[in-house]
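Look for chain A in each of the two complexes below; its partner is chain B in the first and chain C in the second.
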Partner chain A sequence: MTASGPPPGTDGSPPRMGFFTDTSVCIGCKACEVACKEWNAIPEDGLLLTGMSYDNTGHLGADTWRHVAFVEQRRTPGADPGGVDVFRAAAHLGAAGGPAPADAQTAPAELRWLMSSDVCKHCTHAACLDVCPTGSLFRTEFGTVVVQEDICNGCGYCVPACPYGVIDQRRGDGRAWKCTLCYDRLGAGAEPACAKACPTDSIQFGALDDLRERAAVRVAQLHADGVTDARLYGESPQDGVGGAGAFFLLLDEPEVYGLPPDPVVTTRDLPAMWRCAAAAAATLAAGAAAAFLGRRR
Partner chain B sequence: MAECHPVGFQWVMEAKARGAKVVHVDPRFTRTSALADLHVPLRAGSDIAFLGGLIHHVLARGKYFREYVLAYTNAAVILNEDFRDTEDLAGVFSGLDREGRSYDNASWQYAGMEVQAASGERDKEYDRRTGGERSVSESGRGEAHGSGGAPLGGGEPRRDETLTDPRCVFQVLRRHYARYTPELVEEVCGVPPELFRQICDLVTENSGRDRTTAFAYAVGWTQHTVGVQYIRAASILQTLLGNIGRPGGGILALRGHASIQGSTDIPTLFNLLPGYIPMPHAHRGEDLDTFVAAEAPRKGYWGHMRAYLVSLLKAYWGDAATEENDFCFDYLPRLTGSHSTYETVHAQLDGVCKGYLLIGENPAVGSAGAKLQRLGMARLDWLVVRDFSLIESATWWQDGPEIATGELRTEDIGTEVFFLPAAAHTEKDGSFTNTQRMLQWHHQAVEPPGDARSDLWFTYHLGRLVKAKLAASDTERDRPVRDLTWDYPTKDGTAYGEPDAEAVLAEINGRDAHGRPLSSYEQLAPDGSTSCGCWIYCGVHADGVNQAARRRPGREQNWVAGEWGWAWPANRRILYNRASADPDGRPWSARKALVWWDAERGTWTGHDVPDFRAGTPPGHRPPPDATGADALTGSDAFIMQADGKAWLYAPAGVVDGPLPTHYEPQESPFTNPLHPQQRNPVRHLLPPHPDDRFHPVGRERGADVFPYVATTYRLTEHHTAGGMSRWLPYLAELQPEFFCEVSPELAAERGLEHTGWATVVTARGVIEARVLVTDRMVPLTVQGRRVHQVGLPYHWGPNGYTTGDAANELLHLSLDPNTHIQETKAFTCDIRPGRRPRGPAAAALVADCRRRAGIDEHTGREP
Partner chain C sequence: MTAREGRRGGGERPVVPRAGFTSYYGRPVLNAPTWEARDIAGYLFLGGLAGSSSLLAAGAHRTGRPRLGRAAKAGACGGAALSLAALVHDLGRPARFLHMLRVLKPTSPMNLGSWLLAGYAPLAAGAALSDLSGRYRRAGAAATAGAAALGPAVTTYTAVLLSDTAVPSWHAAYRQLPFAFAGSGATAAAGLGLLAAPVREAGPARRLALFGAALETAATSLLERRTGLAAEPYRTGRARPLMRAARALTAGGALLAAGPGRRSRGAAAVAGAALLTGSAALRFGVFHAGVASAEDPRYTVVPQRERLRARAHER
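Take a look at the complex of A and B:
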């Protein structure tokens, strides 16, 4: 479906590398954000108090390649965790209002403070890479997706192509920027800066197959400990992007963290669309030819 | 801990992954609470009631570790019959001098021993033990016990091994905490009994032979008028449960900066010499022998204080220090009272203190009573600021808050201010000593930029230049400087003459008479044949090798990992680890084995370095005339203590009482429900000052002007007063503005809007902050009343990349009498919507609040 080439690790190249971000042990220290900016020399991008809990970063973008979300939750114990009201969750994240005054008469609900470090997913089927007309975006020998800053021409096609809203054009520069999974460090045998800085191993770097095994064990352990909300996000090769190279262990629905629940590679339908277009063109051409031929007759 | 010690918190997370339960007790729901199994919100300033409740639970339900308590603590010791508890005297202990705001601890002593050493009242102690004269001294002695307890007198204490004698420590303890019931905990702390019960169960179920519980604390416990007693309360609990000296146990002081532990070991404190040797006072005619006689206990390792002190004097003055001149003991400066940071401010205001060196400190916004700090600096002749950036302490004279209000005019300020740029830790060699007493060496990675230099460079060359200036002096008072050994080699290849930091470490480690490096403080001699810059660090440069630079990975050694860095003393990782074995020298359990007696080889051995003389068998009984370490029995596990025992009850060493009792903070919306004594009667108050007034409390008239509890704290994203973080764009953008945190209920009560502005006011100052309305601030019910707490991170000031008001403008100077630490963690305030007034109107608002509350120079100063 996409022009990703043979799967990494099958032709003597290194295995596909990625991140497993276990949000159940994230302490929200933001060391990943700072380490990422330091290593990659990303500009500071604004002194804005957002009011979204302790998250003053807001979202991933050209100048933010790691973003720690802070979600303050009041949950009544035993309530159905399935039915998430997206708008309510967004309001908790959002700038307006803060939490409503609790009714002093009702039983105190359990207070949770979820923290999660988001990053580029390095998709198996990466739409950004598919749509890049210059070849600036490419898949590395580690199976990661990287923008080459000296080739990018700032066309911006990749920006709407990303199903997660990760890749972004830098203001005043125009080129597209995003996490490289520290391609330069990987080449030197070092782990990415964010994983290196993470004090609690919430961000784990390694071969994707190993990480998936580790993640399955961790989820099972949390389930056994009664944390039944624990689930993996982006780890399945069957999902809409063919599995993410950077996947997560979440403690609630993806929407709560500002993640799309069912992301689909935006170029998934392109072949079919092109087939339709080709058929239409062929029909048109046939019609036109028939008209000419008919006239000659 | 996750907020302020995120790197150390990885080990808590590791313990949690292995099944440990994590309980977080804090007024606020923080990043630590988010990861804890249980968060317990309590009223700021009520922890002694909380810990006392746990002690009560342990005693009332028989949950203590009886064999441990009998063998290793002073539970069985009979007390002097003159002792009276707070339960007998309406909230104070016997010996209180209300006028002098101090205790005479003579009545707190063990029965059957000669008159005992006092400790807060050093002069009384000195008089008794030397027959000398009395001089003035208020300097507390809390820090002097950083590596062991206070001295005791001679004689053996009487004991009751059945623990039933009404005057034995155990029974005194039981009576003292009898009223600390779950109901009282609820009334004082606002913690409901069912929640409190959960903690009681978790702590007791995880203590005993097979399990241990650890307590970790930081300035949330120390920054109170009863801060030392908070730690004492935890010590009593942990000792009763048998959680000291054992793996997974202990009380861990999480230090606030890199190497703050190191800066008390080799102190920047006025009342200490290196290795917790007390600084001498200005007693007439006191020589080395009388000083040691007054300070050193007969028994335990402190009994060898003379060896430690003489070795220190030899390190300072080398060949000039001889037996004949008392090893230059007279060269040491003498204390004439308390010279803590806050007294220094008053000395500046009084025109007594003329010069001030600020090295990596930003008191203009980072110390309590920030306004007093600036007013004090405005009276100086000269001020030297060494820091990374132009911090507020270097610029208050041109753009400080008093310039804005018109209280100071730049042209009137005579202080000459010098700013010297400082090198960061990556730009110099050196060591860090952190919470676990472990020295870790760091190597210079890059050259410092421009004129920035290390503190070592500054200190060495300043000393060199001062010595050169005094070289021709024949004045007697200059001799200590002229004779000082000051011969550190400089590193090759630095044009600016950076001293070799490892040469300083070698001097600290110490040398024998032939100049060879020592390997243990047991080698130190009292006769001047050894030199050692800090006796507890002796061995850090054993064999001439920088032991602090060792970095053997944990996977290549046992779980104690003794070859990573070097921990004082003697590379022991767990202090008092003799207590990890039973009196016969066997581990209490296989699961918690640490060190044990190897009878075949006749030595102590184990995973850690035994904190006990290696060849002393468990059953050893010393002869009656033995002294020092020789006087310790084979089961005196607490070898630094004057009686070899852990102190459930402190007969000396704590100036405000032998047992912790709940007092309300200096400022509180509540009256003390426990007894009529509202506050710590001997808390340390600075002289009255118009800009340092206290609030009415409880039911007093005017208390309702300041109805809310406030507490200050730090965020992960910034560092202390901001000198290391507010100037850094990558950190500034993560917490870009000063904010206060309030509950939705308080926001509704005061009309505060999320992300809007709030004005916070006390009798000391007024500040403004953006508002974060959050469920993480939980209103509590205390004494049947709803109490709201306001959270104030204290990182900000007017300079830097992110700016804001300083929370320390709000603070008063009522201090812990042992440590002279300010009460920043619990005070009262008012909060209202909107921005604060500017210019003279700001001062007028504060004055108006004082007037409405009826505050004068007497408010809150009663004992």
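Take a look at the complex of A and C:
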């Protein structure tokens, strides 16, 4: 049960736009975070040292619409057939495709750094949009999900509804804020600020259909290169949110990056919830009626 | 690997798998509700008190129990007014409260609830004002009946409000929470009736207390057995003492009402106070259990992982 309406692109509107974030080429420069803050004039979100590798941003929220996650993993090269030893591979880049040394087993444990720029998923079935009581959250002509700040009354319902922990209430302001996929820039035919700023094309912006094709090619290429850890996250229209408008290529399980492994839009169960509430209401009415039956006092 | 010091008791926090469970530095996956416990749990309690009181009021009205009827009508009116005040107070932009009514949106329980309250509150107020002033009796009777018709929905819709979120302990409990809230609303209304009405008129309140206590206890027991890992936050942390107090006060209050409360006004009043407190404790307990489940990534990740594993198994 969702308020999503007809799929974008079927009625003469522009095609559904989105992000494909290929974390395998992310270098953790945070240009996306900075560009997002600059363009959208987002307030400062705290100057904290978290101790979480190079991540001092922490989590998506009202004042953080892009968040680069840093995961440090120590693994023994060769011990895990799924891993790729980037340092060793890099060392042999100039060697005209020479074979990798066979002494992988004896190498010391090495650090693998996973970096990923997280963002609102612009869900096909968006819980935040479904539960918003004012209609402040709406679906744009690009198939994205945006808050109208002049409508939002700060009820905060969208915050716990989002299965990814994206949207949040801004302190002092009271309203809910999140990534708009640079709605203003899209309207002017420009790409979102983060994608524009990304120096490695880890963040790719485009029509969702094209991005899905590109992602399938990329993941197949990585698998062929032996990076069997590579997987797509959020690209399938069959998943619990009907597919994300912003999806990812990850190198480990989603929860390693702080993403839910199997998110489901809460409103999928809403008809069942109403049925239970109706049954409970009928039970209550019957109980109250029974309390007045029979005895005089 | 850089597992950060845990928030509780130090030691390694996730990133290191714990029973197949991984997270990003132990950080929550979800953004927890920004709601104030006093406002929103209070809103749940007052809404339940109001809605169920309207049932009691209509019954008392029809069976000629003026003191019970007056107390229940006043409780319904006061509960509705205060719950609306709590809701508005919790908004980030209270002046924009009426934006709730700029659309009719079936996918949003908060929207439907606002419409429901917009219809219910004037009826509850009309019933109480007519009774207290003794004027417009026919309109008052119609308002009493109308409020009673909406009362059960006012009592239980708040369960859907909580469950229709990604909060693990609220969403997983969507089958049991409406029944728990129905029982809890009934005990609150019964409690108010026992406090305010003479023993001679309070028979229905005593029976409603027993019914509500049985329903609430059954629903919360089912909740704790059927919701798997999502039941844990109801038994731990801030929710634990609240849920236990709710159970003890509700059961104790109902038994006290049904026993000594049939003769002694004092016992009935103590029972009534216990029932009201127990009902409030349940709402605060449920509220805190949900918040705790959103703040710990385990409750988000582990059930989803299990779901994926089960699905892979089926294939």
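Heads up, the rule we're going with is that the second predicted complex is superposed on the first by the 241 of 297 C-alpha atoms of A that agree within 3 Å, B and C clash if a C-alpha of one lies under 4 Å from a C-alpha of the other, contacts with A are read in each partner's own complex, and residues count from 1 in each chain.
Methods note: a residue touches a chain if its C-beta (ideal position, glycine included) is under 8 Å from a C-beta of that chain, and two chains touch if they have at least 3 such contacts.
Just so you know, these numbers come straight off a predicted model, no measurement behind them.
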| item | value |
| --- | --- |
| Partner chain(s) touched by A:R112 [first = chain B, second = chain C, both, neither] | first |
| Partner chain in contact with A:G189 - chain B first, chain C second, else both or neither | neither |
| Which of chain B and chain C A:G28 touches, first, second, both or neither | first |
| First, second, both or neither for A:R74, with chain B first and chain C second | both |
| First, second, both or neither for A:K37, with chain B first and chain C second | first |
| Winner by number of chain A residues touched, once chain B and chain C are compared | C |
| Touching partner for A:I167 - first (chain B), second (chain C), both, neither | second |
| Touching partner for A:A285 - first (chain B), second (chain C), both, neither | second |
| Contacts of A:G226 with chain B and chain C, given as first, second, both or neither | neither |
| Residues on chain A lying within both footprints (that of chain B and that of chain C) | 51, 53, 72, 74 |
| Contacting residues of chain A [partner chain C, same complex] | 1-3, 50-53, 58-61, 69, 71-74, 127, 130-136, 151-157, 159-169, 173-176, 253, 255-263, 266-267, 269-270, 272-274, 276-285, 287-292, 295-297 |
| Of all residues in chain B, those that touch chain A in their complex | 2, 6-7, 9-10, 13, 17, 29, 31-35, 39, 715-717, 729-737, 739, 744-745, 747-748, 754-755, 770, 772-776, 778, 801-802 |
| Interfacial residue positions of chain A with respect to chain B in the complex | 25, 27-31, 33-34, 37-38, 44-49, 51, 53-54, 56-57, 72, 74, 95-102, 104, 111-115, 199-201 |
| Parts of chain C lying in touch with chain A, wherever the complex brings them together | 1-2, 4, 15, 21-25, 27-35, 52, 55-56, 59, 62-63, 90-94, 96-97, 99-100, 102-103, 105-111, 114, 151-153, 155-157, 159-160, 163-167, 170-171, 174-175, 177-179, 181-183, 185-186, 200-201, 203-205, 207-208, 211-212, 215, 290, 294, 297, 300-301, 304-305, 307-308 |
